[in-house]
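Look for chain A in each of the two complexes below; its partner is chain B in the first and chain C in the second.
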Partner chain A sequence: MAPLLSIKDLTVDYRHEDRWLPAVKNVFLDVSEGETVAIVGESGCGKSTLALTPLGLLPQDGTCRTTGQVFLNDKNLFNLKEEERRLLRGRRIAMVFQDPFSSLNPVLTINYQLQEAIILKEGKPNHQTAMDLLKQVHLSDAERILESYPHQISGGQRQRVLIAMALVHHPALLIADEPTTALDVTIQDEILQLLKELKTKLGMAMIFITHNMGIVKNISDRMAVMYAGHIVELGKTADVLAAPKHPYTQALLRSLPKLTGSLGTIPVMEGQPPEPSAMPAGCPFHPRCDRTFERCEKEDPFERDSDGRRVQCHLF
Partner chain B sequence: MLSLYWKRFRSNPLTLAGCALIVVLILLSLFSSHLIPHDPYHQDLLNRLKSPSLDHLFGTDELGRDVFSRMFVGIRVSLSIGFIAAFISILIGTLVGLAAGYWRGWLDSVLMRFVDVMLCFPTLFLILTLLAVLEKPSMVMIMGIIGLTSWPGLARLIRGEVLSMRERDFMLVAKGLGLSTPRILFVHLLPNVISPVLVAATLTVGSAILTESGLSFLGLGVQPPEPSWGNILTSGKDFIHVAWWLSLFPGLAILVTVLSFNLLGEGLRDVLDPRIK
Partner chain C sequence: MLTYVSKRLLAAIPILLGISFLTYMVMALAPGGPTAFMSDLNPKVSPEVREKMVKLYNLDKPIHVQYVKWVGRLVRFDFGNSFKDNQPVIKKIRERLPKTVLLSGLSLLLVFFLAIPIGVLSAVKHNSWVDRILTVFVFVGFSIPTYWVALLFMIVFGIYLGWLPMTGFRSILADEMTWGGQLMDVAKHLALPLLVTALTGLAGLSRYMRNGMLDVIRQDYIRTARAKGLPEHRVILIHALKNSLIPLVTILGLSLPDLISAGVIFETVFSYPGLGRLAYEAVMARDFPVIMATVTIGAFLTLAGNLIADISYAYADPRIRHR
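This part shows the complex of A and B:
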């Protein structure tokens, strides 16, 4: 069966002065129906850009260009007209953003913003649908929340409202861009459980962007590790976490502080991810890699497919 | 939210005074036909240039017409020109600013270069040229021309606000929900940039009234015998040594009215400024 979402050789460049700088480079990624794929990586590695691409939310003012293909059920999204893409947004693909504090319009009530989404589906506002949606995301006191302005409710409540808005159309794919990062730890866990529950209940596929390995383990079926715009390692979450192959993934996992045992010194990865304007030749990770050899400086490694596990490294 | 605004609004006596005066002027202009003591067009050549008295509160002009009644009618002229010209200006300025800021790219460049060109002209000379081309300017033309020449500054202001708003996450959320572009522009974007629009609107009314007075003073605005504060002032200029009231009262009226709108505008700016809590 064809995957729900299929990203083929996607490259996204941003224009900086007179140059095009890649944020996402030659990315291949499939997401099947009902599957959760986690995307992890450091800040600025292209995670969010990758997340915005299927929805068509990248800037359209000429400062950004895409090449490659993104298929949603065999339909190449890049060949659709803007109006056709708009009709997919919210309906087939929905998104939950990182910062619930800035994701709701401050001058409109929650009810108004929720009803806007409901009108798109049912053609007219429906109070009962709004109440049901809020119940579905476990918001008690729904009446009060509907009447509130965003600044009158808490961050956790806002994120629940945003999830409810994203779920109006029962989308086939939910893209969650670090939906818990801006929240308190206790709330983080609740939101995570909620997303897991709704995903199972509604049979959605999910792309979950995070830099928290605990969350990755908890929520995803497969994971992709991004570095400098490349997916450097892709595989079943359990496999990757148990036996990371790419030196970057290994270093990333090594640098996690452990909860048990003495704290000691946490091994820290030296250096910084490369700036898009100063991408090293060859493998983008080689300047920080502890197993680098001659070939790494010259050749960009091409992905090797081995039983659903893909590692972009010359070692494999 | 509203009560907070009201509290801030109330705490500034100058703003309140300006607001009160504008309300009084609007009421006076609405009921002017019932309130004027004399026919503003009636000439009484035996009573030319009479100084202010109980019968003629602001005296009479060189044709014996009652200045008080003429100024009373002038309120309506000034206010309607002020409001309608400001409305035209705000409408164009807001649409241009929204479009340029939201779509960016070539549309932004074209619109903003046009704004630059417009801002290069001294507005008054532009208006004078346009009016000189038209043979006999009517009130509607004056409103239109003032409105059409005063929007560029506002457009640039709105564009700036839009540029800072369009990067906010809620704009992406609105787009991600599949909302239509007009809805995003007018329901999500516009209310968030409305405070500078309100302030600018108020200030524009004041400056439009001033422009109209200036044009009428130069003889290119409201044409006699239709009274306007500006053209009363013009006729007063010739008699300033013998009939000071002909210049003083319309001059004061213009001053106080424009000042009221400016005070209200400044007050609104303080009230709506999100940085002041």
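This part shows the complex of A and C:
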């Protein structure tokens, strides 16, 4: 069966002064119906850019360009007109963003913002639909929340509203860009459980972006590790976490503090991810890699195979 | 809200007193007192008249006593009589104020109705040729002094083309016209001053609108609106515009005192019988009662503008309303 979403050789560049700097480079990724794929990586590794691409929400003002293909059910999104892409947004692909505090319009009521999405689906506002949606995301006191402005409700409530808004059309794919990062730890877990529950209930596929390995383990079927715009390792979450192959994944997992055992020094990865304006030649990770050899400095490892386990490293 | 407004109104009283006191002092320090033009060299003014004037306005008393007496009359809404022609000041103002409000109000309205679409267009088409052309236009408009544009327009439209009257508010023969003809006559007289003020006001405000809009377009909630699948015109005209109009409310309130101050220059250029020209002539003639009256009205409008801006700000932004 063809995957729901298929990203083939995607490269996204941003213009900085007179140069094009890559944010995402030669990425291959498939997401099947009903599957959850986690994307992990440090800040600035390109994971948010990758998340915005299927929705067509990258800047349209000429400061950003894409090459490659993104298929949604065999339809190449890059060949569609802007209006056709808009009709997919919210309906087929929905998104939940990182910061619930800034993602709702401060001067419009929750009801107004929710009804806007409902109108797109049903043609007219529907109070009952709004109530049901809020119930679905376990918001009690739905009447009061509908009448409120965003600043009158808590961060967790706002994120639930945003999730409800994303679910109006029962999308086939939900992209969640660090949806719990801005919230308190206790609320984080509630939102996570909610997303898991809704995903199963509605049979959605999900791309879950995070830098929290605990969340990855908890929520995803497969995981992709990103470094400097590349997917360096991809595979079943359990496999990757149990036996990471790429030196970057290994270093990443080593640097996690453990709850058991003595509190020794936490191993840290030396160095910083490369700036997009100063990408090293060859493998982007080689300056920080402890197993680097001659070939790494010359040749960017490239693995085309997109199913099963994939490691972009000259060691394999 | 009611307590807030009354508190602000009470707080305005000492400010008004301070402004008028300072003005009074500055006028007293300026060379050439109010009776200078009534000197012995002026054959029209007899020493008796001068004496009467000095007594009436307590000009022989120390300056602070004069001020207190002036305030005493002011609270009874008595602005006194003009030194120049002995007409009641209140009558002069009643004649001039509506004309200034008409011109400045229309100009403000025109500026806002044009500046908002221009700013939005400039922001949405950021860095395109539309944006560049508008930017050039705005900088030209911003850099050229009002009085110069006024003179230029008077030459072009008044003399070369002869389309529009250059000065005044009505034609000499206006009284003999029909009702519609009189209206048309006033409209023609208003056209040039309106065009000039609108053109220069437009420059700053549309720039302000553009930058506000650019800020808002980058916000997360705009991305959320797009992610919902809303059509672009809804994203811009509802989600973005509503937020970028909030700071404009403040500007609108604060431009209230400009009604008079901007008029001082171009009402004089256009010989438009408004409050600004009255103030200018009064200053030139050291006409104390008229100067004090226009300054007081100006100060009052400034404070009222501030208050209106704050109240409408709360009305426009729910985050402030609910505090």
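We take it that the second predicted complex is superposed on the first by the 312 of 316 C-alpha atoms of A that agree within 3 Å, B and C clash if a C-alpha of one lies under 4 Å from a C-alpha of the other, contacts with A are read in each partner's own complex, and residues count from 1 in each chain.
Keep in mind that, in the parts below, a residue touches a chain if its C-beta (ideal position, glycine included) is under 8 Å from a C-beta of that chain, and two chains touch if they have at least 3 such contacts.
Values in this document were obtained by computation on a predicted structure and should not be read as measured data.
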{"item": "Joint occupancy of chain A by chain B and chain C, clash or fit", "value": "clash"}
{"item": "Which superposed partner A:86 touches (first chain B, second chain C, both, neither)", "value": "both"}
{"item": "Which of chain B and chain C A:76 touches, first, second, both or neither", "value": "neither"}
{"item": "Common interface residues of chain A - those touching chain B in one complex and chain C in the other", "value": "55, 57, 61-62, 86-91, 94-95, 97, 99, 102-108, 116-117, 120, 149, 162, 165-166"}
{"item": "Residues of chain A touching chain C in the complex", "value": "55, 57, 61-62, 86-91, 94-95, 97, 99, 102-108, 116-117, 120, 149, 151-152, 162, 165-166, 169"}
{"item": "Chain A-facing residues of chain C, complex", "value": "126-127, 219-221, 223-232, 234, 238-239, 242-243, 246, 316-319, 322"}
{"item": "Chain B to chain A touching residues, read off their complex", "value": "1, 103-106, 108, 168-170, 172-180, 183, 187-188, 191-192"}
{"item": "Footprint of chain B on chain A - complex, ascending", "value": "52, 55, 57, 59-63, 86-91, 94-95, 97-99, 102-108, 116-117, 120, 149, 162, 165-166, 168"}
